[in-house]
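What follows is a pair of complexes built around chain A, which joins chain B in one and chain C in the other.
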Partner chain A sequence: MGFFLRKRVVSSAIPLVFVVLGVFCLARLTGNPVDLYLPLSATAQQRAEFSAAHGFDDSIAVQLWDYLAGAAHLDFGTSLRTGESAGSMVLQAFPVTLQLAGVTMLLAILGALVVGSLAAYRPNSLVDRIAGLLSMTAASIPDFWFAIMGVLVFGVGLDLLPTSGTLGGPEIWVLPIATLLIRPFGVLVQVVRGSMVGALSAPYVKVARSKGADAKRVVFGHALRNSATPVLTVAGDLTVGLVNGAVVVETIFGWPGIGKLMIDSILQRDFAVLQAAVLLTAVTIFALNILVDVCHALIDPRVRQAVPA
Partner chain B sequence: MTLLTSACAVANSDTAGDAGSADGRTLRVVLTQEPPTLEPCESSLTATGVVVRSNITEPLVEREPSTGKLQPLLSTGWRQTEPTTWTFDIRSGVNFQNGQPFTAEDAVFSIDRAVNSDLACNVDGYVFGDEKLEVRAVSPTRLTVTTEKADPILPLRLSFVEIVPRTTSTKAKVRIPVGTGPYAVTSWQTGVSISLARNEKYWGKAPAYPRARYVWRSDASVRAAMIDKGEADIAMALDPMDATGDNSVAYPNNETTALRLDGREAPLNDIRVRKAIGMAIDRQGIADALLGGLAKPAAQLVPPGVVGHNDNLTPTPYDVSAARALVEQAAADGVPVHRRITLVARNGQFAGIAEVAEALQYEMAKVGLNVRIRMADTATHLQYQLRPLPRGVGPVALLIMHGNQAGDAAFTTSQYLLSDGPQSTFGTQELNRRIAAADTRSGKDRQKAFASVLAHQNTEVAQYAYLAHMRGLLGLSPSVRYRPDSATGDEMRLSEVRPATAGRH
Partner chain C sequence: MTDLASRPTDAVTPSRTRPPRWWLLLGRDRGAAVAAVVLALVFLVAVFGRLFIGDRAVRQDLGASLRPPSLDQGFYGLLGTDVLGRSVLARLVDAAGTTLSVAVPAVLCSLLIGSALGMWAGYHGGVRENVAMRVADVILSFPSLLIAVVVLYVFAPSALNIVLILAVARIPVYLRTARAESAELRSRLFVDAARTFGTPSRHIIVRHILPIALPTLLTVATLDFCFVMLTESSLSFLGIGIQPPDVSWGLMVAQGRQYLQTAWWIAVLPGVAIVLTTVSATVLAAWVRLATDPAQRWRLTLPRKRRGDRAAVPPEMIA
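Presenting the complex of A and B:
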């Protein structure tokens, strides 16, 4: 297991480095942010001073070196937009996204396991068809449309929920989580169902059934664990997508998360914040991928054995 | 664990909603974006000014939006004592929110800090350009401001300088200011809200609401929903499609939209082609169909109410045949009219901008021009808008929206019409001469001179194909009384908002 882990860490770290370097260089190809931050009639000298003060007049190699040297001391620079520490801005925004993503994926996985398993137990039954219809619909609905409709119907029309915001009781979570949940839930129901249909027709399930095991034990005791690998893979990918920023939800509902911060920093050419946000999300995704791989190895011994010693 | 704990703090620290509860004592305002800073010398930035100006800090004089006349604020009177010198008398008995008394020294400090320092304040570039000021306190209640050249509108320019105490940093911009205004900042919860409390020692009439809270939602539908649901009292910039008569009120926002035609590049270097574009635009159709019927066809960059507006100019008539004939004439003279023109527009600059860009593309194509659209973000759009202009991009028709909040055409002409203006692509020596001459005038002569400049621009230069004078939509709850004006989008004075049941809290 230790060797397996080391190998996964090394192979996952390489894309991490490329992402960080790529974002650093690509951001600078969009130009000097001086126009956004200085007055319209700023003189050439003021522009030059601004560039020099923020290191934009150095070569990309020098800027990269400065960035890496700072990052080594956890100094990610200062936001051009707010003047605050880029690191603290990112650390303030990230928990919001992390919490949204965590709750969403927990609910999506649990819901999909139940609905997908029920659908798979009797393929082509009424339950299966309803589950199929719902999951296809859920996976296809544009999240921004769903969010706005949720605000108008449940916030304004029925007056059941707040329209947006982060301050309040549990009700403030409902619309953001529902908006985030709907697509992962739809996708996962389909994955669970497909995987479970295969597992439930496997010889070991037939043996269990012939030995008189009840439906619950057959589904959850035998088939589910053996069909968990693809579910885990897809759930991991979906979680990565959410951790990378639930931009639509954060924008519409006014949640100050990492996705909104990244979009704002891109639009404002706030390189320090963008780099810090990308680094933190990349590291988190890196850790998530390792975690998914470890779970794979724990669930399926063949994965561990497939890694040559 | 730390991350999760702080997330919980974000999500559960209050039970009254981001904007606060509808207790009638907190005025709840929803903005389009979080202010990047509340630094007073950045208050010419809309997102900053709408919170700071006349709420937290105040200037020496203020411009009355409906008449354009200057009113006393922290200065009780002003006069031109020499051709290049203005003298301002300072209001006594005013204190800053930190208790420090306001004197002429503070006014001198604030002007120097905003205009003469190395802080690179936006208000400096926006209002003063390259002008340097010599500011002196001649007594605790009087100061003089001397300019390099005679400046007849110096008091108007100074209406953009917010006064701060002389203890404010001159080395760095401040994030949360102290001022003399009717409200003081009590907290700024990053990403969530800004809270203000009434300045109980305010020198003027006390505002009706003891507290105010700003939140921000970038989606206009959500801002409208917050008004409908009673989660906010005032919402900035609603879209026409979200607005109803019950939740919103329209107001002239002093913004004018136009196509800036780069006259350095063929085929836009031919005035017939530029005029043809003006004739090809169905302004009324665009205003009715795409701008919610709120905008009014424009004939100049300066709307009514701003010094220099020319009442005699009328929007170019929509005439496709005549426009096509002009393009054909130009083609016959060898102008490459089929060269592709890039129509650059900025995402989200106003509601329906993408559709407006498509309509303009269609209308220009109808008269024989070859146009492609490039939708850009703010930073990219600025690269097209500001000098140094990008090279090697061919002919560009830039969709701009010009704010006339300063109230005088000098701010428009110096930026958009001078041949080397920061936002101009070309011009003529004659137009430059007329602008320089107009800038030295005052009173009625000034009005007449700038009106003449705008007319000359249309007939002899034609750098702009005007679209419309825009109107904004302000979301307004039935629980408050407020009449928006042309300054509301940049300076929303909370002290002018009253509860619908006119009581004092």
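Presenting the complex of A and C:
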């Protein structure tokens, strides 16, 4: 277990480093923020002062060092837009997205386990075909269009749900979560079904059946745990992909989350906020990958007993 | 000797070397047949549609602004008009061309580069395999939309840049699949035999590994076509993809969004076009998976009820 985890931590940390460095460099390529934040009439001296105040006149290496050193004590500099601390802006936005993503993945995994297992229990039955068609469609609908259709039908047409904003009761969650949910749900149903069909035709399931175990015990006690590994891997990848969805959903529904913050920062060349947001996202994804690996090891003894090759 | 060489070979060649009759196989699966027809139509419209619509996609007519879909306004009024009086039907046709001219090259690029790198890495193993897989991890561990947003903001959001960024973002998917197949095949007997005869490794990869890995890779490509189309339309919707005056389905949804309450057809119809195309590609991918696998193909020749299990697409391809 220890060896397995050490290996995974190291191999997951490499992408983390690349992402942090890559975003720093790319952000520098988006153009000079001095042009955007000072009026056209600004004198050369004003421009130089602005550059010096925000450190834009240092060499790239010095800027990178400042950034890394600051990040080490959670100081990400100040936002050019608002003058607030970038760290606190990001930390304010982050829980919103985390809540959205967490609830979505929980619902998607639970729903997919139920629907996928039902479909796999009798391959090619009516239930299986309906689930197949539904999941394929769900995985292929563009999320922004689904969100707009939700607004059109439930917000404008039936006037049941609010169309944007975060003020109000639990009904404000319905459309954003439904929008985020469709793709992970559709994909996971297909994965659960595929892997359950395999598990249910394995010899140990025959043994369990011949010993008189009922359907519930066969499915949940025997087959599900063995088919959980691919489901877990895909669920991890889909959670990373939820950031894509969060950008779209937060833009459409006006949620002050990290996706909207990142888009706004890019469009307004707010380096400090963008870097802090990306760093936090990258660290979260890193932690998520480790969490998925720990779950793998907990579910499957073969994984945790893997010996150094 | 001469009569041996000139003997007609088809008499001795067993019938199984005959290529499978794809059309018949496709006809057996109603869902896949419908999907193939829809996709073929979309491709035809995308390639030839612009020849027929002329300038109708950009021709403005403020007197005909926001007309709902109707049968009385002629062919171009079938699906209504947008706020500038442009025919939604003509714009859909024009957008089909743009959308596919981004999605198809992107899928082809990532398929070629990813598969070649993956098979090479898997066949050789060792350091080469490790480096290739770490590169794939780096690309995959980051939300593709965000990278696209940053890169497209730095470099202008032209169609070429969108193709490039989507191609790079999807290379890891093929790289992983090709590597897995190739790593498994490299220790098989026929590969060992080829190696013993001194076949250079690139010939082994092309002649012995590629033919076996190809069906899986094509299935992944069909599924990935959906993903690329969806990403392109999301980017266009967010305003950093295809730029006006060009038009793509995602951009049409974005443009129609503000008229949602008064003119639903502007935003709804392009979405329907996206969904029809992507669902068809997904359905067809499941069929391609069965039809290109010699061990599974017989299932398609049976009536649906007796076919048994529908071929499951391996999970690593879906996400």
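Here, the second predicted complex is superposed on the first by the 304 of 309 C-alpha atoms of A that agree within 3 Å, B and C clash if a C-alpha of one lies under 4 Å from a C-alpha of the other, contacts with A are read in each partner's own complex, and residues count from 1 in each chain.
In this section, contacts are C-beta pairs under 8 Å (C-beta built on N, C-alpha and C of every residue); 3 or more make two chains touch, one makes a residue touch a chain.
Predicted model, so just to flag it, every value in this text is computed and none were measured.
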Fit-or-clash call for chain B and chain C when the two complexes are aligned on chain A: clash
First (chain B), second (chain C), both or neither touched by A:Thr251: both
Chain B versus chain C as contact partner of A:Val156, first or second or both or neither: both
Touched partner set for A:Trp173, first chain B, second chain C, both or neither: first
Which superposed partner A:Gln99 touches (first chain B, second chain C, both, neither): first
Touched partner set for A:Gln190, first chain B, second chain C, both or neither: second
First, second, both or neither for A:Ser140, with chain B first and chain C second: second
Touched partner set for A:Pro123, first chain B, second chain C, both or neither: second
First, second, both or neither for A:Ile148, with chain B first and chain C second: both
Chain B versus chain C as contact partner of A:Ala287, first or second or both or neither: neither
Chain B region in steric overlap with chain C, selected from 224-232, 314-322, 350-358 or 494-502: 350-358
Chain B/chain C common contact set on chain A: 30, 148, 151-152, 156, 251, 267
Touching residues (chain side chain C, partner chain A) in the complex: 134, 137-138, 140-146, 149-151, 153-154, 226, 230-231, 233-234, 237-238, 250, 253-254, 257, 260-261, 264, 267-268, 270-271, 274-275, 278-279, 281-283, 286, 304-305, 307-310, 312-316, 318-319
Chain C contact footprint on chain A (complex, rising order): 11-12, 14-16, 18-19, 23, 26-27, 29-30, 123-124, 128, 132, 136-137, 139-145, 148-149, 151-152, 156, 187, 190-191, 193-195, 197-198, 230-231, 233-234, 237-238, 240-241, 243-244, 247-248, 251, 262-263, 266-267, 278, 281-282, 285-286, 289
Touching residues (chain side chain A, partner chain B) in the complex: 30-31, 33, 35-36, 38-43, 46, 49-50, 81-84, 89, 91-96, 98-99, 148, 151-152, 155-156, 159, 162-169, 172-173, 251-254, 256, 267-269
Contacting residues of chain B [partner chain A, same complex]: 3-8, 10-19, 36-37, 118, 120-126, 129-130, 172-173, 175, 190-193, 215-219, 221-222, 225-226, 228-229, 231, 377-380, 382-383, 386, 415, 422-423
